[in-house]
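Data first, discussion second: the structure below is written as structure tokens.
Read from first to last, the chains carry the letters A, B, C and D; within each, the first residue is number 1.
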């Protein structure tokens, strides 16, 4: 009896890996073009923004805040960087830093509204999303900002690994850093503590407001990096950029086992694998030539099933 | 005595008075300054345009009061409309019977989506945001798949003629008043408030909370379907793009501006509908003045943050008193 | 307290409305001239071309009005890709008393009812840069349609591309077709033109892989072209329904080691429509083989003229289709140097 | 030995809008003593603790002196630096985190590896094991907290206080959710700490505990200090006098009624974990006590019987028209009321009016048939009637419940169940967290109702109360029925006997297994 439960729990623990593996198996059988270096790398590379934004939103979810402005913050960052490079010939690194700084700043504004003024997070970030997009439209006039000068970044590849894009290392690096921050540092523990039970955290002397603000600001910063990455992967800034990524990212985070109520979650495997699941479903279906209309449908069904399994896991945990 | 009555009414209906005040000021200023605003056509147009958002805000009011969340509204609206129009247009000759049964199917489909949401939330205890998020993608996907690549053909104009703006206005007034009464004047509505205030206590008090929550989500689905009925009348066909995901922002902010608390337990359908009027009104006014649409979005975003500011201020203010 | 705050909120809102309104409402001198109310109900303004449609039309309407002795009360709305909102916007424009409504429709089917409504209100409907569904009958037929012949646009471009390929001695193996938004009449017509060109150029059996682009989204185009290229690495020619999606297509080609200018090993021949600013650069650099312009400025000229003609009760052709300039990788520099040829993309760099 | 007095409180006042929670309270705490802080609900005990813990800021003029220095405790961090550790009433844990993370939650920064930004988990776990060992508690430090028992969580909380290295420990109702065994262990620990020279504040509603544990008591009433004395110099009556000013007598239970009518028969009730195989009969008009240590499965028995927890096995029969018929949970619930233990958790609707709270138990009575239109006037009239009967002190029935005191809230819950007019009323700790005055009123009410034929099943942790109240007591240990005592045989020994037997048995079993 006891050993059985233990095994069951183990299976639940690795459920994200199992889902990803199943996706790989199904699509590899479906098409011989799926499991190639090229497809795996490009899917991850093009999906870099999603992976990063999922990490960003995980930071906010860990402290129990649902931030819906993540997509817009990323877009703001990429947009600013693009404008600086195209119109002002700014050095690429500086432009990207400016973009990241902008997103960090917006994250700070969010934190003022949500943490200091205690407004409802979901709705404030919703409003923030609308405002950012509107301002960006007013500034760019919906023009496509094409950045040919960035293509070298996209093409930098490691031949030895079958054409591994070097910039993908940035994504891995950030996931790794997030993971270390969460699992190895005092700050990570405080994040979990605040998300787990804010009152108690306050009572034991944790400065909960500061931790929450920090989480939201970091969320902004990572969105900024994601925005720059998005500009690099697309090679231009288009007005539809990163639209509705907030929903995708939250879905990915939840798929990875992050709780919307705070206090539970991880970057690896959590967010990373969660995002990969969404990315490879889309890629596999496109390669197999399945109607693009079916993609959101299938994606939704898979998220639904994963959520159901997750709720079962939660129940099993509570009974144990 | 009469004065006391008025005072009491004022205390119980602060939100209503506030909303009416805001709307009155807005209308007054606009009718003076904007040409063609206070015309019969424009006002009836505006009211009819409010209808879909008002219906969805009505639905989400029920959900928010139970501490839930339903972001699948617009997607459900599109999906049920597509199902109904696909049904209607599958006949060679379309008669009134087909149109009426089409409407029934639309409402049933909305209710069914709500039922699935409610089942997952009430019985399986899944997190509402996650459930409705997945429902949103599923419903949008379903609408695109069913709608087909080329889109569905149009339905006879008899439908649009029947659901003209006057019918729609009467419909929205009747249905939302009925639902407002359901919420405030009946035992079911009271149970909804009980659940929003403390679900555990409601269960202990002998209320079948699971069933109430299930019904609440079904109501929310049906309300989305009602919005679908109105929208199908506007374009005489149905499209997956009818319910853009961002529309849920309008819906939720309408409810929140109307004083419905996201923390549950508070709010009224009536006030949420007035909130919808404010949100849609901004759009209408912008069109009349001829302002660039960028500003419309900007202003909408600011209104949401502003409304949240008020509500958090209110909470802060009351918590000081209560402690 | 809250009541006060809510009243304040209303004041701030109305204040903002006016602040926003003041910026655009220019004082109009109406002395002795007939005021005509005109409205443009844009379906979306996601891309520069849409801005060009609006800007050129506004400018041309003013010029035309000046010449004929009118004053135009102009308003424009944007539906952000939502057909229902577009229908509501048109209602608003009618409520404002517009006599002419210019509409680039979001959905060729769903707009029909709005056409009827415009006619019932006694106003004129000019289908601008988009055609309504051919199923339109009776009251649903627009007073005039100003559009580019999107089918011809695709046909001409693709034919020319095959010609150039032949000249270079390249045999098409597989073709990638980046489809526009599927409910868009222009995208559908371009698809038709492409199919006709394939037959006429002598490649009726050529394998064509259709890629989706969502609502003309470069990101979506990138992902689907990427997948298509991986499934069909032998592809050596591509047609895109609009070169707005070129940034995404470029990335996809790069990812698959196929982004080379003409003449280099691995070059993919590309035919496109619209000539967005980015396409001019790509034509010059030798990546795009042929591109056919939208002729935005011509539309505006025709639309403004027809609108006033209709107002004055003159007969106007129901269908005014134009074909924009075709630019190829060979003649792009000449075209740019030629002042008599007008490319809108050059205006919106 | 001369006692040092390192903690002095001078003229502490605390004003909330409209209420003076503390009014010029001064006293001194000595090293190595347990200072009891007593008072009825709302007397200001918790406010005082919150001020010491840095959660509230006192008014101007208040002074806290630690080791001769005047200090300002601006936030919990400052309190911690001053060596004050606060063990809260509600067991406060980070459910999603591990035991060792919980214990060291107050200062993660201290546990970095040689100034690197990373945590030294090994040292952390070592430290936590050390603290848990001093508490005689050997839970695995990697266990997720949500799987611990309430008592274990309490230990984790005390370990957290110890790890902060404080010298002043504040215990706010620490035994409220502990079993008897765990309480005894806690007392040992507190005694142990006392000898180590800690200053310990001890707040409790249970006067027995105060007399058992404390060296000295300070009594508060309405925010004012009403007395201070070494425990050896006072007795219970005097202490109660200090707390409420007068001693409320409860009426003696009259002879219990004739017991032929069985109204409820429970047979072999078995839940997932607890209860195990419990059977009992309940007579009409009887007050049946359920006695057992916390964690013995008392609340679980109620929950399983009434269908809130899954019933694995068992049958329930109910007397309908003079005949005992088998009944399902749902139908049974039509005839019963259930006053739960956690008032704020699942007892009241805090943000709703008294009337709305009272009618929630039988809302359909006020609703028309069909769509269920509510009759508001009737609803309010009825609520007023019951408020009067139960003596709820409030302006009117439209008052929001959260503005009432704990005792009055409890009375609102009781009126709620009175309104339903059930045949059986299940009460889990009906007087928990209620002041002495209200306690007596509630007891009298129970007597009165039982006279009118309502049967009661009562769980209480207070032996005295349950013995005073009940006609018959069944004893539960480890989820099993271990004894039944009639009113004539009530004695502490009789009740404990069953439990002791059961515990010995369990221990023996464990020995055999080990």
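Structure notes:
Please note the rule applied: a contact is a pair of C-beta atoms (placed from the backbone, for glycine too) under 8 Å apart; a residue touches a chain by one contact, two chains touch by 3 or more.
Since we're looking at a predicted model, the values are computed, not measured.
The most distant chain from chain C is D, comparing centres defined as mean Cα coordinates. For the pairs A-D and B-C, the count of C-beta pairs in contact is higher at B-C. Centre-to-centre separation of chain A and chain D, using mean CA positions: 44 Å.
Taking each chain's centre as the average of its CA atoms, chain A and chain C sit 34 Å apart.
Rounded to whole angstrom units, the spacing between the C-alpha centres of chain C and chain D is 71.
Along chain B, residues 149, 292, 295, 302-303, 307 each make contact with two or more other chains.
Of all residues in chain A, those touching 2 or more other chains are 137, listed in ascending order.
With touch defined as above, chain D holds no residue shared between interfaces to two or more other chains. Chain pairs that touch, as defined above: A-B, A-C, A-D, B-C, B-D.
Residues 120, 124-127, 129-131, 133-142, 144-145, 149, 245-246, 249, 252-253, 256, 262-263, 292, 294-295, 297-298, 300-305, 307-309, 311-312, 315-316 of chain B are the ones that touch chain A when the two sit in their complex.
By the touch rule above, chain A contacts chain C in their complex via residues 31, 33, 36, 38-39, 42, 45-46, 137, 141-144, 146, 148, 151, 154-155, 233-236, 238-241, 282-283, 286-287, 289, 292. Interface of chain A with chain B (complex): residues 66, 113, 117-120, 122-124, 126-131, 133-135, 137-138, 244, 247, 250-251, 254, 260-261, 291, 293-301, 303-304, 307-308, 311, 315. On the chain A side of its complex with chain D, the touching residues are 180, 184-187, 189-190, 192-193, 195-197, 199-207, 259, 263-264, 317-320. By the touch rule above, chain B contacts chain C in their complex via residues 14-15, 17-19, 21-23, 25-26, 29-30, 33, 35-36, 39, 41-42, 45, 49, 52, 149-154, 157, 160, 231, 234-237, 239, 241-242, 244, 247, 278, 282, 284-293, 295, 299, 302-303, 306-307, 310, 313-314, 317.
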